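Next, two complexes with chain A in common: one pairs it with chain B, the other with chain C.
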Partner chain A sequence: MWEAIDIAGSGASVDQTWIDTIGGNVANMQDGVTPGQPVYQAQYVDAGASVEPDGSGDGVKVDSIDVGPAQGQDEYDPNNPVANASGEVEYPVVDLGQEMTDLIQSQTSYQANSAVMSHATDAYQSILSIKA
Partner chain B sequence: MVIPAIPAIPSVGSAESAGAAQAASSASGAGAATGASGASGASASSGASGSSFSDMLGNAIDSLDASQQSATNLSLQAAAGNANIADVTVASTEADLETQLVTTVRDKAVDAFNSIMDMQA
Partner chain C sequence: MTDAAESIGILQFALDSVVNQQQAIANNIANENTPNFQADQVTFQSSLAQALADGGVASSQTLPEGLPSGTNGNNVSLPTEMTLMQENDLENQTVVNSIDGQFAVLSDAITG
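Let's look at the complex of A and B:
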């Protein structure tokens, strides 16, 4: 029962994961390491349609979390304690502008799914309140 | 949860058949229909309509109980910081809607019963 609400809920869950990865990317974009050490890799949600065995739609799900490049970008900062002999520090590849754009999109998508949930609830309630 | 069987209502006209048909259609929505006699309408003069209605209402209340348990558990997990807010909202909204569905079906059945009881000359 209540399929529309379940489907909108799956969308909101995926959007939540999306927002979480954006938060992680922004929080870790300044994680400098000595060049050659493992650097933080940006995370990106790969979402796909969730289909039931009979072929009907069942919302959306996170297929996988893809990661950005393992090779960071080097910046010259000789006073940094983790700088190497030539004064370079390696930072993760995170495009802040892209992350902010994704944040707006994910927020709008979350609101859209929330609106579907709200309107589906109204629709179900209207059918329940029919008087004989 | 155990629901005592509701005695069969003698088939006396359209009021009951309308109520039974509604009950049957709700039951199939809940996946709980077991030989509901509503489709046969006024011709279902045996006691079968009474027992199948009580089965349907019992199954609906079992399902409602499960929804509410699920909503309660998710709310507790959310309070502890372990659940997704969207999942909690979905579970509590569905428990709310299911409560409204069961009470609506109950009200319709009571209306049907009362309309029969009021038929005193």
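Let's look at the complex of A and C:
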């Protein structure tokens, strides 16, 4: 029952996870560490279609969260307290342009899924209003 | 000549198909960004028209939309899906109104 709403809900939920990872990546992109210390690894959502046993589509799900490189990029910043002896600080690999593009895409997708929910609700309401 | 009960049966098939169609559209939109996802569409209109013309049985079919894929192998077009969803809304209203109409006819016949 109400499959279209469930399907749109699965889409909005994946979009939410996507937006959360983008938030985490952007918030942590300036987390400099002393080279050699563990650095923040960017997170990327790997989504896959959900399919029912009969082959019909059942929305979408997060298959896994992939992580970016464990090795950050070194930048020369001798005044930074975490800089090493040669004045280098290691920053996470996060492509801000890519993150912003993904943010717009995930936002559009979230809006589309929520539009589906309201359309589906209206359609179900009209069916429920049938009376003999 | 079709009687009210027969008409309701046909309309029930149409409503089921419209609901399946709506699910397919919702699924395409939910998978708008899923790598390698291919959009499906549910068609039943021509089969229903054929069945009404020759008295056969109508069926609904799920077919790939077959639009060109983007770089991630996904071929969902959001404008296309939004348009289909709008049409699906109107079809749903049409079928529901027709069912209401048929029930009104039956109700009149029963109460006299």
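In the analysis below, the second predicted complex is superposed on the first by the 130 of 132 C-alpha atoms of A that agree within 3 Å, B and C clash if a C-alpha of one lies under 4 Å from a C-alpha of the other, contacts with A are read in each partner's own complex, and residues count from 1 in each chain.
The rule is short, and it goes like this: a residue touches a chain if its C-beta (ideal position, glycine included) is under 8 Å from a C-beta of that chain, and two chains touch if they have at least 3 such contacts.
Only a predicted model underlies this, so the values are computations on that prediction, with no experimental measurement involved.
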**Item:** Three-chain arrangement built on chain A, chain B and chain C clash or fit
**Value:** fit
**Request:** Have a look at where A:A85 lands relative to chain B and chain C in the superposition and call it first, second, both or neither.
**Result:** neither
**Request:** May I ask you to decide whether A:I104 touches chain B, chain C, both, or neither, giving the answer as first, second, both or neither?
**Result:** neither
**Request:** Could you let me know whether more residues of chain A are touched by chain B or by chain C?
**Result:** C
**Message:** Touch test for A:G59: chain B only (first), chain C only (second), both, or neither?
**Reply:** second
**Message:** I'd like to know which partner A:T121 touches here: chain B for first, chain C for second, both or neither.
**Reply:** first
**Request:** Classify the contacts of A:W2 with the two partner chains as first (chain B alone), second (chain C alone), both, or neither.
**Result:** first
**Request:** Examine A:Q16 and indicate which partner it touches, taking first as chain B and second as chain C; both and neither are also allowed.
**Result:** first
**Prompt:** How many degrees apart are chain B and chain C as seen from chain A, counting from C-alpha centres and rounding to the nearest 10?
**Reply:** 40
**Request:** Give, as a whole number of angstrom, the minimum Cα separation of chain B and chain C in the superposed three-chain arrangement.
**Result:** 6
**Prompt:** So which bits of chain A does chain B touch that chain C touches too?
**Reply:** 5, 8, 113, 129, 132
**Message:** Under the definition above, what is the set of chain A residues touching chain C in their complex?
**Reply:** 3-5, 7-8, 10-11, 14, 18, 47-49, 56-60, 105-106, 108-109, 112-113, 115-116, 119-120, 122-123, 126-127, 129-132
**Asked** Taking the complex as given, what residues does chain A use to touch chain B?
**Response** 1-2, 5-6, 8-9, 12-13, 16, 113, 117, 121, 124-125, 128-129, 132
**Complete:** The residues of chain B that touch chain A in their complex are 18, 29-31, 84-87, 89-90, 93-94, 96-98, 100-101, 104, 108, 111
**Asked** Where on chain C is chain A touching in the complex?
**Response** 15, 18-19, 22-35, 37, 40, 62, 78, 81-82, 85, 88-89, 92-93, 96, 99-100, 103, 106-107
